[in-house]
Structures are given as C-alpha cells and as structure tokens.
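Across the two complexes that follow, subunit A remains constant while its partner is subunit B and subsequently subunit C.
Right after this comes the complex of A and B.
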C-alpha cells in the first residue's frame, strides 16, 4: 500500500499507526534519489503533497519550503533575487539515471547534498536553520528557527541532514539563502603532473584567496577530458576583488609551471555544474564511488587503486583532492573490500553511490562505523524511531 | 594526386587508408561547385579540394595540426555533397574523419573550446542531461548554466516546450500487426528522445502496422556520430561498441532482419560501423554484420508494401533531402515515391543538394555559416509555397523549423498518418494557430 498524506497531521497519523504495528515505511518525494543507499523496504510514504515555498524573505536571507518542493524551482526563485544556495547542491538525477532537475528540498537535506563550494561555504547541513518533521514515534516536532543565532534546544538540523530519512520524515525546511556572487572566474592550470596539480590546489586553499572551488580533472581519465591535467580554481565575488585575487593567484602558481587559462562566466559555470553533478564519471558504465579522504591523500588513494589493478574506468578530484569520484567496472561486490581497505589505510570513507539494488543490498553502501560510533548511531535511531519503521535498512542492514 | 608518405607513416592503417583516398583525387575541382562552405566564402580552403590539400600536407609531413587547419576542417559540414559530385570516387568522409581525429590529438584548442566541445559531446549524447540543459526555470537560464555562451544557438533552436519522455523509448518489443514479415531493431537515438518523441512513436506505429516486429534493444543508445564529428574517436567508439553489442545480443536471442534508423545522420554512422572497427579483432565481424543490416526507415517501409488508406489530406509537401540521406546513404527516391504513394503532392526543392546547415552539432559550433545556409535553404523552400516541409532527419527538422512558420514533420509521421495513424501534431498545431 502507498500513503500520500495531505498534511503534517495526516502524516503523523500514518506514522503513528505504522509505528504501533511496526510496519516499515519508505519515504519518497520525487523519487530521484531512490537509487542511493541500501534499498529500503516497506510501504511507500509519499510526501509529494507537502510542496511549495511557505515563506521567502530575501532581505532576511531565509526561505521556508515544504519537503517536496523542487530544488529547481527554489533555485529559480532565488536567482530572481540574485541569491542562491551557497552550498551548491548537487543534482543527483543524471548520475542515478532518474532524470535531471527533479530533486526536492527534503531529499537534498536527507542526503546532505553539497557541491564544489562546500569547501568554502559549508555543507547543506550548515545551511539548514530549522525544520519541522514527524518522528518515527508519530510526533510532530519543530526544531531550530529562522536565524543562525538560535540557542534554544539541540541543533537537530545537523543530525537530520544526511540521515536519509531514518530518523524522521521532514515536512518543512528552513534554509539560509545568500547573495549570489557578482562575478565568477575560473583559473585553469594546465599540463602539470597530477600530483603537482593537486599540490597547487592545496596551496591555494591555504592562501588568503578565498577560492570557492578547487577541482582537478585528470587527462584522459574521464569522458570530459580537457586534453591535459586541468586544475581548476574558482574565484567569486565583486569584480575588482576577483581581478585582484586572480593576479595574486597567478603569482602563487608560477612555481608550478604549466599553462594558465581563464574561463569566464558561462564557461566557468558550465564546468562547475558538470563537476558538481559528477558528469565526468556519470556517463561511464560502472559502479560509482564517492570517497572522502584528507585532501593530501587523494592522489595516494588513486595511485594505490591503479597499482592494485582494480578496474578503474574514470575518476576526478574535487575539494582540492579531498573528494574523489571513482567509476569502476561492474562487479557483484562493487570491489568494496579492496577499495575500503585502501581508503582505511589513509583514513576516510567511501560511499557506493551508483550500483544495482542487488549490489547495494549485499554490500555496505556507507562506510562501516567503528563499534562505539555504531552503538551511538543506534541509540540516536532508537530515540527517534524506536520501532525502526522509517527507511528500514537504508543506512545499515541492522536497522 | 601524387603523395609522399614515409614507409613508417604508412605502417599506421589509418594513414595508409588516407593515402589511398588522397591518391584517388585528381584535383579536378568539381567538388568545389557543390560545397556549401565554398559557395558562401569563396575560399579554396573552405572547399573539399582545399581541405584535401591541407590534410595531405599535414599527414604527409607528420605535422601536428595548427589553428588554420583546425579552422577550415571545423568549417566542413561533413554533408558529403562532394562525394556525390566527385567523378573519381574520393572517399572524403573517411579522410576528413581521420583528419579530425588527428586535429583533436595534435592541436591544443583554446581551453574554452575544449571545454565546450567536451561538454557538447557529453550533453547531446545523453538524454537525461540534454533534457536538463533545455529545461529549468526558463529555457535560456537552464541552458546557460550548462553550455557556454556560443552554444546559445541551442536556445533559439529548441522547442518551446519539451515533450515528456516517451514510453516508446524504453527497451521492449512491439509485436507486428497481422502476419509478421520481419523483425527489426529500432535505434531510438539520443537527442531525438528528448526533442521530438513523436518520430519514434510514429515509426513504431507505422512499422508494426506494416507487419514488422519492432525491438527497442536493451543497452542501445546514441550512435556515436556527434562525438565522432567532434574528433572524439574513443568516445564515439564506446557508443558504437555498446550498440553493436546490444544488437548482437538481440540477433542471437530473437533474431533480427534489419536495424532501422529514422535519423539519417545516425544511419550514415551505423552503416559505417564496419569500417570503424575494421581493425578490431573482436568486433570487426559483428560490426560489419550490423552495418550490413542497417537501413533507413524509408528503405524498410518501401520494402514492406506500404499502402495509403486515403487517410491524409493531399497536402503540398516540400521534401527536404537530408545530406546524410542523399549524400551519405545515397537514398533519394524512396522517401519521395513513398510520399507520392501516400497521396501527397511532392515538390522538389531548388538547390536540394546544398546542406541546410544543421549537420549534427555544426549549427552550435559554427552559427554564422549555419544560419546563412539555413536562410538560403528556406528561401528555396518558401519559393515553392508548400503547406508542409518533410525531412528524414531530426537535425534538419530543428534547423529548418527554427526559421519558418511552415510546419516541419518527419517523413514517417506523414506516412503513418496516410496509412491510418493520427495526424502529425505539428500540422494540427499549425492549423489551430
């Protein structure tokens, strides 16, 4: 059976009834992210009725929207006021084959989707000022407020962001909005060795240049190939400031050699949009992994994978090397063991983003947690959802 | 013409092939008269003969390409009008394809160009991404985020509203009506599944009605032509390989008589798979088999005993012969005789051998030349005062449609209508407007 409650009240009744009988529920919005995480079981609980912008006050930098409001609409609304979501949410649709531009704000928060600007602006969770939800107990809960400085109660926004709906069904989300940058320019350092290019990105991230994105697209390692190793650095802000920082940046990069080219507004935007949505690997056939390591370890990880003869089809780096997107040839176990072993040696975590439902059921999609952390996660889960009805099995097989 | 290749250079089978082609040319210059770009610029280097000299010089001396060579090769539409004209059968298509791959490898384009060409190959060939680039808050805004400035042309070209993805474009089998006369696989294409879903729908209706079982094979997709014409050989080979494998599986599972293609640009490319993989020990045989089975939809309909039911109004139709159909596949008569058999009055377009400027992604990369060619084509078409323009290639339809109010439909939509299918939506909309 599928439920599609018309409002928060109905939703709480549905959840309470399910909780009483311990019937699992699968929360959906547009369904664009159904392919991430372990396949969850249970009856469909569609939140699509909870859609629409409730409040938008550009001068107060705040927007409140129902969970099923499409991001595309929100972004268009913000753009008409020269504002944006600074964490640059990724559109997972194309990567997962679910079609583009369908994601909802609830889904965005549930997976904590953040893009290249995360290194400067923070993740999605850092922009959630508050929310309303129905917990696994069927209780309607409101958390946070409409301003950053809010000291009442626990900061549950950080907890629900990235919880994949396992703690509560979000009904309404309050987001911080920010002015969109006046200009945006991307400097591309071409033709250096991969390692040197990544070193350059880390140098830039440590310099007072306020780069808003740092990525490296290796030569020949992905369908979007610029013909040489290309380290891309984005500078944003008022024109005069960008021009000055661009000069400083050129000076900083001199010792690295290589060619330097500048991409202006639209070319720059298209490059970052493609990187944000993991386009360089999305068009390949294979399992896609998203690996977080320390920026200084990104190159070591890829080198280790190349040496270990894993069938690496394509890869690229974002976040100055701290985020590595990998595509590997299909295998039943998605090469999880050897990949995780390589990641564990460096310290980090690997998430299987794209794979068949059977593979996602058989393999740990999210990086296994150490026992103490796993026990903590379990206690958190049980305080929100004691009957384990919300998104059962989505994060971990055991709950 | 005389060539001087080193033995070492000739060891490369691609170079050896190009040498053979170059030697066939007698530099007579007939081709210049029918080359669309020479017609516009009057520059010898923008003619097939001039390009052949540029290519010869580059390959013979084993030189990397430079900006001049890239510029003139980029301006070539690959319309293959020259191949129809050529009295000594110079295979210009294989020559320019090889040269383009050489340019892509040896010439560093400005970064913006590289990014644009990379994104273009990525975007157009992937339906989900292409749809994204065309929709969003406003057409122009959704697009400008994804495509660089020069590709704004796409905005002008794109339909106002995009159709929803069609169920016809999912892998499945459509059984034949009545006795099954043949079993064919349909190439649904990439851009076509986004821009105009009615073409595939009409094709399936028409073919099944005529007694063909139509298979949309799991795993088949973009034919690879877009990447191929951008010189991105490895990417286009990957697309082609997927199709060859998908259809080979289908041949082995359920058997296939033909592979039907209703976008003639793709048809030319699929018919060339055999050549593309000639040196590939594993795929050569399979690719040659697929190419031998490939047919334009008009060839299949002609073979299937098409009959009109008198369903359609006897409209005056200007038939635009797509270059890939008339020059690439040498199919000129079938579509015309079918349209006649369907009860339409067909008009032949003056200067019909000249390209409309669409040429795959050409109209996005070379908007000035493409627009001049479009306007020239439209002046020729409008001189006939037709009620409808028909073509067998989506690229041409979009290109021509961007400059005229006369409805542009695919030939199969008209044939489908004439044999009992619905009236093409473009005609209904035009009548209502």
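Right after this comes the complex of A and C.
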C-alpha cells in the first residue's frame, strides 16, 4: 500500500497507525535520492502534498518551506532576491541516474547534502534553523525556531540533518538564506603534480583569501579535460575584493609553477556545478564512494588505494583534499573492506553512494561505528522511533 | 517565580562519606574538595541569583579519572554537574546540594595545533581566548568570541553553544567545532567527528553542542581555526530613533553585506557607557549602531563606503568611520564595557537574552517599555543587531524588598514577548535554570518529551545535570523510552539499553 497524506495531521495519523502495528514505512519526496543508503523496506509514505514555500523574508535571511518543496524552485526564488543557499546543495540526481533538478528540501536535509562551499559556509545542517516533523511515534514535534541565534533546548535540527528519515518524517523546514556573492572567479592552476597541487590548495585555505571552493582534478577528469592536473580555486565577493584577492592568490601560487587560467561568469559557475554533482566520477561506470578525511590525508588515501591495486577507475578531490570522490570497478563487496581499512588508518568516513540495491543491502553503506557509539546511535533512533518503522534498514541492517 | 530545584535526596546525603572514600580511590587528595569553605567558591556560576553548596567538588586531570567518577556516580546513583569556567549566565553549571560538581579546570592543555588542516585539538578547560592567543603568531584565530572569552572555557562553550559579536558572519560554536571526545554517564568514551568534515549516522557532535551538560562530559574539543582577515574597520552610526537604527541594520543586510559584527545600544546604555568610560558616543542619539567590516583592504574600504551611504539614506545623525586600529577599538570600548557601565546607573541588573526576527524590533522595544512600566523597573538595551539577539538589562535594587521578584517577572514577560513575535527564549546564554520554567512558552509537552527522550538515550538514569533546561523531571520510563506494542517488545531478540 502507498500513503500520500494531505497534511501534517493526516501524516501523523498514518504514522501512528503504522507504529501501533510496527509496520515499516518508506518516506519519499520526489524519490531522487532513493538510491542512496541501504534499501529500506515497507509501504511507501509520500510527502509530496507537503510542498510550497510558507514564508520567505529576504531581509531576515529566512525561508520556511514544506518538506516536498523542490529545491530548484527555492533556488530560483532566492536568486530573484540575489540570495542563495550558501551550502551549495549537491544535486544527487545526475549521479544516481534520476536526472537533474528533482530534489526536494526535505530530501536535501535528510541527506545533509552540501557542495564545494562546505569548507567556508558549512553543510546543510549548519543552515537549518528549525523544523517540524512527525516522529516514528506519530507525534507532531517542532524544534528550533526561525531566528539566527537560538540555543533554546537541544539542537535537534542537527540530528535530523543526515538522518535519512530514520528519526522522523520532516514536514516543514526553516532555512537560513544568505546574500549571493556579487562576483565569482575561478583560478585554475595547471600541470602541478597531484601532491603539490593539493599542497597549494591547503596553502590557499590557510591564507586570508577566503577561497570558497578548492578542488583538484587529476589529468583527464571531466569536465576540465585539459590533459594536465588542474587545481581549481574559487574566489567570491565584491568585484574589487575578488580582483585584489586574485592578485594575492597569483603571488601565493608562484612557487608552485604551472600555467594559470582564469574562469569567470558562467564557465566558473558550470565548473563548480559539475564538481558539486560529482560529475567527474558520475560519468564513469562503477561503484561510487564519497570519503571525508582531513584535507592533508586525501592524497595519502588515494595513494594507499593505488598501492593496494584496487581497480580505481577515477577520482577527484574537493574541500582542499578533505573530500575524495572515488569510482571503483563493480564488485559484489564494492571493495568496502580495503577502502574502509585505508580510511580507518587516517580517520574519517567512507559512504557508498552508488551501487546496486543488492550490493547496498550486503555491504555497510555507512561507515561502521565503535560499539559504544553504535549502541548510542540506536538508542537515539529508538527515542524517536521505538518500533523502527521509519526507513527501516536504511542506515543499518539492524534498525 | 521562585526557581525550585529537585529536593536533595536524603539517601544520597546520607552516603556522602562513602562517596568521598570512593572518590579518594580515584583522585589524589588535593583534587577532591570536601571542606565547606572551599566548596563555597563553587556555589554558583555567573547566574548569581541562585546558589547551592555542592555535595563535593572533584577536579579530575585525566580521561580515565572522569570515566571512573561518572561510573561511580552512576553506580551510587549520585547526580553530577559538569562545570568549565563557571561563567554560565543561566545557571547551567549551578551545583546541586546532593550532587558532585565535576570541575574540568585542570583539563587546560592545548594538545595539538594543525595549521595545515586549520584546526586545533584542545582540552575542555582551555579558555576561549587562549586558543586565539596560541595561534595568533601564525595569523589565525578562533572565531566565536563570547563576552566572557577571557574566562570561559571551550568545554563550557560547547555545552552552551556560545556565540559573540563575530557570530553573525562566522557562526556559533556549533559551526566552528569539528570533533569532540565525550564521556557518558556509564563511563563509555565516544569520539565524534575529528579533523574531517561531517559525520555519518546521527550528528551527535551537533546535538552535544548546546546540550547544557545534560548528555555527556566533554573531555576534548577539535576546533576550526581561521586565518585572521587582514583589516577590520568600524563605523559608529547615531540615529534619532531606535526604529531608524533598526531599519539601517536591515538595509545593510538587504544590500547583501554580512558585517563581521553589528551591535546596537539604546539611549539608556549610551548614557551609562559615557558616564563609565567616555568613548565619544553621540549623546544626542536615541540609538547607536556599531558596524565592523573585515576582509582585504580593498574590500573593506569599498564596503565602508557602501555602509556609510546606506546609513545616510536611513537618516543617521552621526557617521564616524575608524581610520586607525585605535579608533576602531575606541568604538568598541563602550560596547565591551556596556555591562559594567550599566551597573553604575542601578545597583543590580538582570541580563536577559532573547532573539527576535529583526524587523519586529520596534514593537518589541515599545512592548518592553510598557512591561517595564507595569513592573515599575527600568530597562537598558544592548543588542546583537545583525541577528536580532537582544540583551535587555533589567535594573533593580536587591536591597529593596520584592525587587528581585519584580525583575524576574519582568524578565519572564520580556521573554514571553520575544516568543510571541516569533523569536526564542535564549539566543546564546542557554536555558539553564534561569529560563527552564519558560520552556513551555516555546514548546508544547510533546516537543519537550521528545527532547527528554533524547536525554534518556544518553543518560537513562537522569543523573547528569538534572534540574536544568526541562521544567519537570520525568523518569525515562514515563516518557515511554521503551515502546511496547500489543504487549510485546518490538524486536524482542535485540539487546536493550
């Protein structure tokens, strides 16, 4: 059976009824992210009726929207007021074969999506000011508020961000909006060795240049197939400031040698859109992993994988080396064991983002946790959803 | 509205000597403070209206000691109140007469500074400002800057999700920490986050931040450090009305500018400041706004021009721009001294802390005036203008019978007003004991029960910092932490905690 409640009240009745019988429910918005995580089981619970912007006050930097409101519409609305979602939400559609521009704000928060600007502006979780939801008990709960500074009670926004719907079905989300930068320019440093290019990115991130994105594309990687390694650095702000920082940046990069190209306007925007959506690996045929490590460990991770002779089909680095996107040739176990061992030696986590449902059911999609943390995570889940009805199995096989 | 703490449990009080003996097995003698006179030093935090003599004060120096203390408390069913610098303004670290006060002041080392990954690993007792001092020679700093930053500890900052003037642009504590090591009541150690970004599974790092010491004891913090902007310049703007000042703040943000800091003061505060330490604030202004812009020289010069123009258009009666570091600091001197200055115009004051949607400021100020009249007291105002975080200072005289109650009642009414216009009870000081009984203004019982269930997931026996944040104590079982359907446990084969 499939449910599509008309409003929050009806949603709460549907969930309460399911909870009473311990019947699992699969929460969907547009379905664009259904391929991430372990395949969950149960009847479909569509939130599509909970759509629409409830409030947008640009001068207050706040927007409230129903969970199923399309991101594309929100971004267009913000753009008409020269604002944006500063965390630069990834559009997972292209990577997962669902097509671009279909994501909803609820899905965005549920996976805590963010893009290249994460290093400067934070992740989705940093921009959620408050929310309303229906918990696995069928109770309507609200948390947070609509103001920038709020420490009233526990920050449950952080908990639901990235929870993949396993704690509650989000019904309404309050987001912080921010002014969009006046200008954006990208400097591409060409031809350095990978390790040196990453070192350059870390030098930039430690300089007062306020770079808003720092990525490294190995030779041959789409969309910048320039025949050389390319380190891309984005500067944003008032025009006069970007111009000056660009000069300072050129000076800082001199010791690294290599050619320099400057991308402005649409060519800069389209590069970062492509990297945001993991295009360099999305176009390859294989399992896709997303690994978060300390920026200085990104290169070590890739080197370790190469040395262990894993079938690495492609990769690139974002977040100054802290985010590594990998594509590996298909295998039943998605090469989880050796990859996770390499990540564990450094500290960080690896998520299997694209693989067949069979593989995602067999392999831990999300990084395993030490026993005390795993036990606590489970207790947190049960505090919202004691009968394990919401997105059962999505994060862990056991709940 | 007297605040009631849970009555001390006679059973715990009767076992004090046993507790002391057991603690002496965990800690060196000088780290267990049992003597009454010495314990007096810990009887309150910076919310001084309420005091309690802790059962015993312990000052562990190692993580295993913290583990053992918590595990012992769990075993003996004794309450534990964690405490950092003791600067909480809401009573978050107020002790309990039947509880152990767990002081983290000996965890005072900076463990690692990693410039390459722009972070530092520090112990929780390290002072906020000490982090910036340790990295300033390399051009870095730690952004969140609560007013108490010279004294408050980073562990306490995590517990309270501390903010400050920089937060408008650089975020609160929660946006500036990468990792935590936490010890739970049962003695389990958790490591959350690290030098990498974001967590998988539930964001317990984000949840711990601002949880007011009710979930676990922080034993290590990894903070993000930022490269200091090359220049900062200030503008001192005077306005003939608070409304005009508030409009100017809105116009600056609407123009797409997020200043490094944007603060506002009303006439009562301006006068008090000028009497306390003259710093050239315009005496004829009904409100002043201080704007600080930071970044590269070209950017800052450009933005100063833009802000000046906006201020003129909004009818500023004074516009001064700092042309030197000394001048910029001069602009801030009054703001930084606002709290001590206000104590010169009234013997005592109660500092409130609510946030409102910025555009509701004029009506909230009018409403506050009316409420002050009704209660027969005066209010001076200092705001973090950019983010709508208000700090009404309620002036009273503790030597006058009934004044404390009047001040508390006025404070509660002001916070109710904040919530009524779409704001919140606390922007940065925390709920603690101070605003605990007002939680119902913002949340209904179901909302609060969900928060308390989260507490139960961390601390099922409810022994960690009880009496804070939540208006009534419920046992976890009453909250239905165990959900039974049709008489059968779900997943009966799975282990329960």
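Criterion: the second predicted complex is superposed on the first by the 395 of 399 C-alpha atoms of A that agree within 3 Å, B and C clash if a C-alpha of one lies under 4 Å from a C-alpha of the other, contacts with A are read in each partner's own complex, and residues count from 1 in each chain.
The definition used in the following text is that a residue touches a chain if its C-beta (ideal position, glycine included) is under 8 Å from a C-beta of that chain, and two chains touch if they have at least 3 such contacts.
Just so you know, these numbers come straight off a predicted model, no measurement behind them.
K.L.:
Given the alignment on subunit A, is it a clash or a fit between subunit B and subunit C?
P.N.:
fit
K.L.:
Report for A:271: first if it touches subunit B alone, second if subunit C alone, otherwise both or neither.
P.N.:
In the superposed model, A:271 contacts subunit B only, not subunit C.
K.L.:
Is A:376 touching the first partner subunit B, the second partner subunit C, both, or neither of them?
P.N.:
second
K.L.:
So, does A:226 touch the first partner subunit B, the second partner subunit C, both, or neither?
P.N.:
In the superposed model, A:226 contacts subunit B only, not subunit C.
K.L.:
Based on the superposed arrangement, let me know which partner A:326 touches: subunit B (first), subunit C (second), both, or neither?
P.N.:
neither
K.L.:
Between subunit B and subunit C, whom does A:97 touch in the aligned arrangement: first, second, both, or neither?
P.N.:
It touches subunit B, and subunit C stays clear.
K.L.:
Does the superposition put A:137 against subunit B (first), subunit C (second), both, or neither?
P.N.:
Second partner only.
K.L.:
Identify the partner contact of A:347: answer first if only subunit B is touched, second if only subunit C is, both if each is, neither if none is.
P.N.:
A:347: touches subunit C, not subunit B.
K.L.:
Does subunit B (first) or subunit C (second) touch A:301, or do both, or does neither?
P.N.:
After superposition on chain A, A:301 lies in contact with neither partner.
K.L.:
Compare subunit B and subunit C by how many residues of subunit A each one touches, and report the one with more.
P.N.:
C
K.L.:
Tell me, in angstrom, the smallest C-alpha to C-alpha distance between subunit B and subunit C in the overlaid model?
P.N.:
Once the two complexes are overlaid, subunit B and subunit C approach no closer than 21 Å between C-alpha atoms.
K.L.:
Please identify the positions on subunit A that touch both subunit B and subunit C, taking each partner from its own complex.
P.N.:
Shared contact residues on subunit A: none.
K.L.:
How about subunit C: which of its residues touch subunit A in the complex?
P.N.:
Against subunit A, subunit C makes touches at 114-118, 139-140, 160-161, 163, 167-168, 171-172, 174-175, 184, 188-192, 194-207, 209-211, 227-230, 250, 253-258, 295-299, 302-303, 355-359, 384, 386-389, 422-431, 435, 439, 442-443, 446-448, 450-451, 453-458, 469, 480-483, 485, 490-491, 494, 497.
K.L.:
Which stretch or stretches of subunit B touch subunit A in the complex?
P.N.:
Interface residues on the subunit B side: 108-112, 114-116, 118-119, 121-122, 126, 128-129, 131-132, 135-138, 141-142, 144-149, 165, 235, 242.
K.L.:
Help me check something: in the complex, which residues belonging to subunit A touch subunit B?
P.N.:
Against subunit B, subunit A makes touches at 72-73, 75-76, 79, 91, 93-94, 97-101, 188, 190, 223-228, 230, 261, 263-264, 266-267, 269-271, 273-274, 279, 283, 285.
K.L.:
Taking the touch rule as given, give the residues of subunit A at its contact with subunit C in the complex, in rising order.
P.N.:
So the residues of subunit A touching subunit C come out as 19-22, 57-62, 82, 112, 114, 118-119, 122-123, 125-126, 135, 137, 139-143, 145-159, 161-163, 167, 178-180, 182, 202, 205-208, 210, 237-238, 240-241, 243-245, 248, 292-297, 319, 322-323, 347-349, 351, 366-367, 369-370, 372-373, 375-384, 386-388, 395-396, 398.
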